[in-house]
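Labels A, B, C and D are assigned to the chains in the order they are written; within every chain, residues are numbered from 1.
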Amino acid sequence: MFNTRNFEKIRTLAVVLISLLIAFLVISIISEHPLKTIGIFLFEPIRTVSHIGNVVEMSIPLMFTGLSVVLLFRTNLFNLGAEGIFYFAAVVASSVAIHFAANAFFHPVVAVLAGAVVGALLSAIPGILKAKWNVNELVSSLMFNSILFGVGLYLLNYYLRDPQSFSNSSYKFRPSAMLDVIVPGTRIHSGLIVALLCVAAGHYFMYRTKWGYELRMTGANREFAEFSGINTTKVIIMVHLIAGFLAGMGGSIEVLGMYNRLQWASLPGYGMDGALVALLAKNNPASVIGAALFLAYIRIGADQMARMSDVPAEMISIIQAVIILLISAEQFLKFWKNRMLLKEAGVRE
Amino acid sequence: GSNGGEASSGSSPSAGNSASASNSGALKVVLLIPGTLGDKSFFDAANAGLTKVKQELGAETKVIEMGTDQTKWEPTFNDVAGQDWDVIISGGSQITELLNATAEQHPDKTFINYDTDIQETAANVHAYSYATNEVSFLTGAVAALTSTSGMPNANPDKLIGFVGGMDIPGINAFLVGYIEGAKYAVPDIKVAISYAGDFANPGKGKELSLLQYNSGADLIFNVAGGTGLGVFEAAKEKKRYAIGVDSDQAAMMTGTDADKASLIVTSAIKKIDEVILSAVTKVKDGSLEMGKLEVVGIKENGVGLAENSIYSNVVPEDIRAKVEEIKTKLTSGEIKVDNAMGMDTAQIDEIRNSVKP
Amino acid sequence: MNELLNIVFSTDFAFSILRVATPILFAALGALISNKAGIVNIGLEGIMLVSALTGVVVSAQTGSAWVGLAGAVLAGLLIAAILGFFTLKFRTHIILGGVAVNMFASGGTVFILYLVSGDKGASTSLKSEVLPNVRLPLVEDIPVLGPILSGHHLLTYVALLSVVAMYYLLKRMPLGLRIRSVGENPHAAQSVGVRVNRVQFTALLLSGLFASLGGAYMSMGYLSLFSRDMTAGRGWIGIAAEAVGRSTTVGTFLSSLVFGAADALANALQILKIPSELVATTPYVTTVVGLTVYAIAETRLKKRKARRHSPSDS
Amino acid sequence: MSESLLEMRGISKVYPNGVVANAGVNFSLREGEIHAVVGENGAGKSTLMKMMFGMEEPSEGEMLLRGEKVRFRSPQDAIDSGVGMVHQHFMLVPSFTVVENMILGMEPRKGLGINRAEAERVTRELSAKYNLHVDPNARVEDLSVGMKQKVEILKALLRGAQILILDEPTAVLTPQETEELFRELKLLKQAGHTIVFISHKLKEVKTLCDRITIMRAGRTEGVFETASVTEQEISRLMVGRDVVLKYDKEKKAKGKPVLAVRDLAYTNAAGKKTLDRVRFAVREGHILGIAGVEGNGQAELVKALTGHLPGATGTIDVAGSVVAGQGIKAVRGLGVAYIPEDRMRQGAAKEASIADNLISTRYAKKEWNRGPFLDRRRIAQMSKDMIERFKIRCKGPEQEIGMLSGGNMQKVIVARESSASPRLLIAEQPTRGVDVGAAQLIHQRLLELREQGCAIVLLSADLNEVLELSDSLIVLYNGGVAAYFDDPSGVSEEKLGLYMLGLEQQSEEEAGKAYDL
């Protein structure tokens, strides 16, 4: 157990524990019944089937954006554009859900694919800029988030908005476009199956196919990949396309699975959360499932806590910040690993 | 008004737990906020209404903030409907479908939707809609009369302003009433109109207002949520007037910034607190008619101007008398105000162009 | 149209450019100094937000705008220090650190506002103070320019002076030399005894300082209150301005002004009824286009030079 | 031991990636000596020196300076104690001027700003004093390698270094420049400085140094007076066995031409002609050595050969196909293999496994795939074979290549590039920074390929290596072919040095014989 091979796992566990400890500290300062409150935070999400359902529902968009970000990060591309694409794809899927008619099988398929394809194409723009002219993908993707939000909101307000409604909400989706609930008693929808399939596909793609190999090598050392004969320009564009496809799919599935109209007047935040999921998953596609569930779990816990106790849900943003800072802290607990290494190298004792 | 902190601690933390069954007689009323408290507007007003319900009717109450992530609303509704509350209150167009759907699944409970524009209403729901056009008609009259008055910060230009959050029907409902009221009071009045495109950017609200004030407007009607806070900032900087919206926005500042508050001559209020109190009172004596959307206007005391001390001190007697007169005409139906809900863009443009400076 | 021209060519409008550009400029200077040291600080928006809140809360508690400003600056420095501690000591990835700061700020400010005032929306129940506007004695008498340059908020002048200070720092001061060396070749800097971490930490603190001034400006002058998410993307526009200004002091300053002017113009253009959602995207579109044009031009230039030289040789 | 100026005891170092670079090392330095540290690549020499200079902190162990316990937490501490270091890789800020590089970290001040005049004055003074002439206002990126090294030494002296550590200073120098450096070092020694000198060239060590510390696999193998050991003995201690420095290779009949380079020319973005009408040819089973001081066109030549130099004119034929304008992928498709100079950047992906690194040039081929998936079993089998054949010291094919020592990493690269039966191999510094044992293995592999009829272009700064392996040899100077030798075995290093420095030049006709079809 306590050897260097398990180090990363132990470290992740330690970070989670520390974060929960901080959560407990914050709660004790604010709450009049800290023990009860933390109890709600920790156990309420699994107390009833419907709460478990809430956790799973929330993890679905996180899986999509998480997987999308994993692919990008793994290619060493610091692109945080999943956020804008998630939003914009939801707008696209909504228009298909509103303005086109089809049967209950094809309608969601067409709407989700439309969102995903548009997402892929939009994502390709910073990809091409990066691959061909080395335009910093971080800056361009952040800019794209704001651009896509502005344009998406414009489309929502001018082409999709229900004139009967007071706020920015679209017309109702046609019922045929909405995703089916697959677990009775919850709102877990068929998007979960798609998400799990995508994660599995992502895993096999990354570790078993030559395209995944190209992706990993480009990420590990672009120059090396280039010299080995890998067309890294193509790889970077391909990864952006796939990542955009996934993020777009996530946005489309979220809106068709969880809403009956589009009402987002601000970016929903799942793209940035995707970076957090990717971090927790250590950039491994398969671990995205656990990471997304974990994040959804603590958020639902925080919501329940806000509802049932005297601590507001915004507390969770502190916990999330701590988790991000510590999880990606390479040197955190490294001294301990070094000691183990010296031991294993036989220098000590 | 009261604040969220009181609301949360005022209700027992265990109230959410259905196991802790209630002491017999008291009515159990829960309010679900589709957002968070502290907006100094609908949500705080609803919360104030609930506080009145608790104080005046002796009901057991609880407020739940559901946050802005809409995916969390449905599970909250289901949780709450499954508990032993007698009356479940929520409001807003965005929540209406969900509220109706939940009500249908729980026919034994009474639901109140305190603010919606949607006609459909489930059999055990009583819904309210506010005649914002009527109250805006009054603010328009106040604004136009102010602009042409000899009030210290008014100028001779016949120009007033309007800053909206977004160019959407809900905001334009205010605008149309405002314009019609202004024209009714001063036929050749001009109205400068801006939309911020954002409900949470007070900086932008301030810039837009400064432009309007600089071009000669001496009063701006703010219908822009958080962005509107910037309108008051501009009013203070330029020493011009403003009118608040949704709740008495002068009242929330008198304690902290009296100068600024004294420039907010009045506010167009949705009397959500009154409406909630009266609805729950009617539930108690069994007189609330269910399955109905009730439009509450000036006549029903669902909307009105904030007639606070600033209004009576700052606005001259003759203007107030004129406003009273209009109010009577609105109540009697002598004046009918157009409603922007359901108008198309061309119609609204026509109205906007009629007062273009 | 006439109306519009009247607005745009008024001194009020010129005055408003500086006013609108101030927070953008602060954020851009924050981005510049950290980038020069090789650290990409994308947490500026979050730092601004935290400082905006702190300024309001502290000035309300103490009744002094100056103490409030000090509080805002300290809060900004503290966040920058935490970010620096994790990224430099624990090697947290800087971009993710920035994501963490922003995530913390958007929820955390609401959380703290609630704890302090019981409100989650705005700080109107707090009696906070603002910093003064300043009239420049001689300048204000100059025709046309006087009314444009005088009478701004104190922090607007601080921002302008910061540009000069930044130029001097980077070009002339030992710290500037070290910051640039650390950004360009940290190993070289380290090998001559420059404490790379310390210099980067300093740069990050300076970055936090500028962002915090931007935040204080938002809530203690430009406006006199805090409301949730009130920075409304100004930190990101600052990052954009730094990128368009190609990481030079002068370029960053100019592009901040241009973005400020564009924003002011967009407000004035309300008369033309261009959808505000689209107008709001202009700085971002400009940045992407600008970066792309620069990058393509650079690639082309390299190729052209090579081609121009070669044929004559063979 | 009390006479020690500086002593390190029981030093261990673990890098963050898990490499144990030093394990219980003892090292001591006498005042006024020139002390050599030798050892295979990855033996931990640089690491030990970096700890002495405060750039890395020891994981364990202690250090004494003049008998006092010291702990350097940063180079500044070391500099304050009079330790200076010239690194294996230059530590200069390219866009800064010489003066700016000199004063960085110890800027003379005037008010808040830097006192530029004073900075320039001290630079001029110091370079005059030590006879190390440089232009104070030149940008460092424009300087030659030798110049850069002078700046490095001046930097250390300006900081008052009494102990001067030189990590492989001669690896990039010509024999003439090396001699000049040695003269300067001896002067410094006379002036009372103590010098640590790291080199793989045992001959240099023998001529320059007083004592030698030998390192192997992160540990010290012993300390010797230079006079008391022979080169053979040192080698044996470094590698743990005898090393053959001579190779028997048969002169072979000329095969078909594989590579033909004609009139290759290139002018870089700055307008400098970096390749000038280069002509040469290489035949099957033939090794062409290319010697030259770094920066005389080798880098551009290799780029052109691997299809990486758009804008170059002239023709390059590989087995009848024109290379110009094609990317490296197409070039590799023609049967070209390439061992890059910089193994960390172009040769390997550090975080990827050994197996992943071995397959990088052929993963796309049908035989390594089964349907849409890579044939993992086959790849694992191949990796195991390679590890065995090339004696790669590792835990297995799945280990990260970044955890290996430099020499073993280089073996992985050579294994990959040489096992695809290439028609042409371009080997750029194949043994740079590699220990003698590994170098020998690599040399043997190159000769095996030659036996199999592969054409090889060998570029190396190690003249001994070029002379020993090549069938013929060209010298590059200023982008052009300065000399061609049909039979390198008769050429001395000194003579080569004259051509490399441009002091002599063959006639065009003589040099043109390199292009002999």
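Methods note: a contact is a pair of C-beta atoms (placed from the backbone, for glycine too) under 8 Å apart; a residue touches a chain by one contact, two chains touch by 3 or more.
As the structure is a prediction and not an experimental result, all values here were calculated from the model.
S.K.: Going by the touch criterion at the top, tell me which pair is linked by more C-beta contacts: B-C or A-D.
M.R.: Of the two interfaces, B-C and A-D, more C-beta pairs touch across B-C.
S.K.: Just how far, in Å, is the C-alpha centre of chain C from the one of chain B?
M.R.: 36
S.K.: Centroid from C-alpha atoms only, then distance chain C to chain D, rounded to Å. What do you get?
M.R.: From the centre of chain C to the centre of chain D is 45 Å.
S.K.: Whole-Å distance, chain A centre to chain C centre, using C-alpha means?
M.R.: Roughly 29 Å, centre to centre.
S.K.: Touching at least two other chains at once: which residues of chain C meet that condition?
M.R.: Residues 110, 114, 120, 275, 277, 280 of chain C each touch two or more of the other chains.
S.K.: Give the residues of chain A touching no fewer than two other chains, as numbers and ranges.
M.R.: In chain A, the residues touching two or more other chains are 157, 312, 330-331.
S.K.: Can you list the residues of chain D that touch 2 or more other chains?
M.R.: If we look for residues of chain D contacting two or more partner chains, we find none.
S.K.: All pairs of touching chains?
M.R.: A-B, A-C, A-D, B-C, C-D
S.K.: Show me the residue ranges of chain A that touch chain C in the complex, using the header's touch definition.
M.R.: Checking each residue of chain A against chain C gives 30, 78, 80, 129, 132-136, 138-140, 142-144, 146-147, 149-151, 153-154, 157-158, 272, 275-276, 279, 312, 314-318, 320-322, 324-326, 328-332.
S.K.: So in the complex, which bits of chain D are touching chain A?
M.R.: Residues 12, 14, 16, 18, 20, 23-24, 59-60, 306, 327-329, 332-333, 338, 340, 345-352, 356, 359-361, 363-364, 369, 372-374, 376 of chain D touch chain A in their complex.
S.K.: For the complex, which residues does chain A have touching chain B?
M.R.: Contacts found on chain A: 32-33, 36, 50-51, 53-54, 57-58, 157, 161, 163-169, 187, 258-260, 263, 265-266, 268, 303, 306-310, 312-313.
S.K.: Considering the complex alone, what residue numbers of chain A touch chain D?
M.R.: So the residues of chain A in touch with chain D come to 4, 204, 208-210, 213-214, 216-217, 220-221, 223-231, 330-331, 334, 337-338, 341-342, 345, 347.
S.K.: In the complex of these two chains, what residues of chain C are touching chain D?
M.R.: For this pair, the touching residues of chain C are 168, 172-174, 177-178, 180-181, 184-185, 187-195, 301-303, 305-307, 309-311, 313-314.
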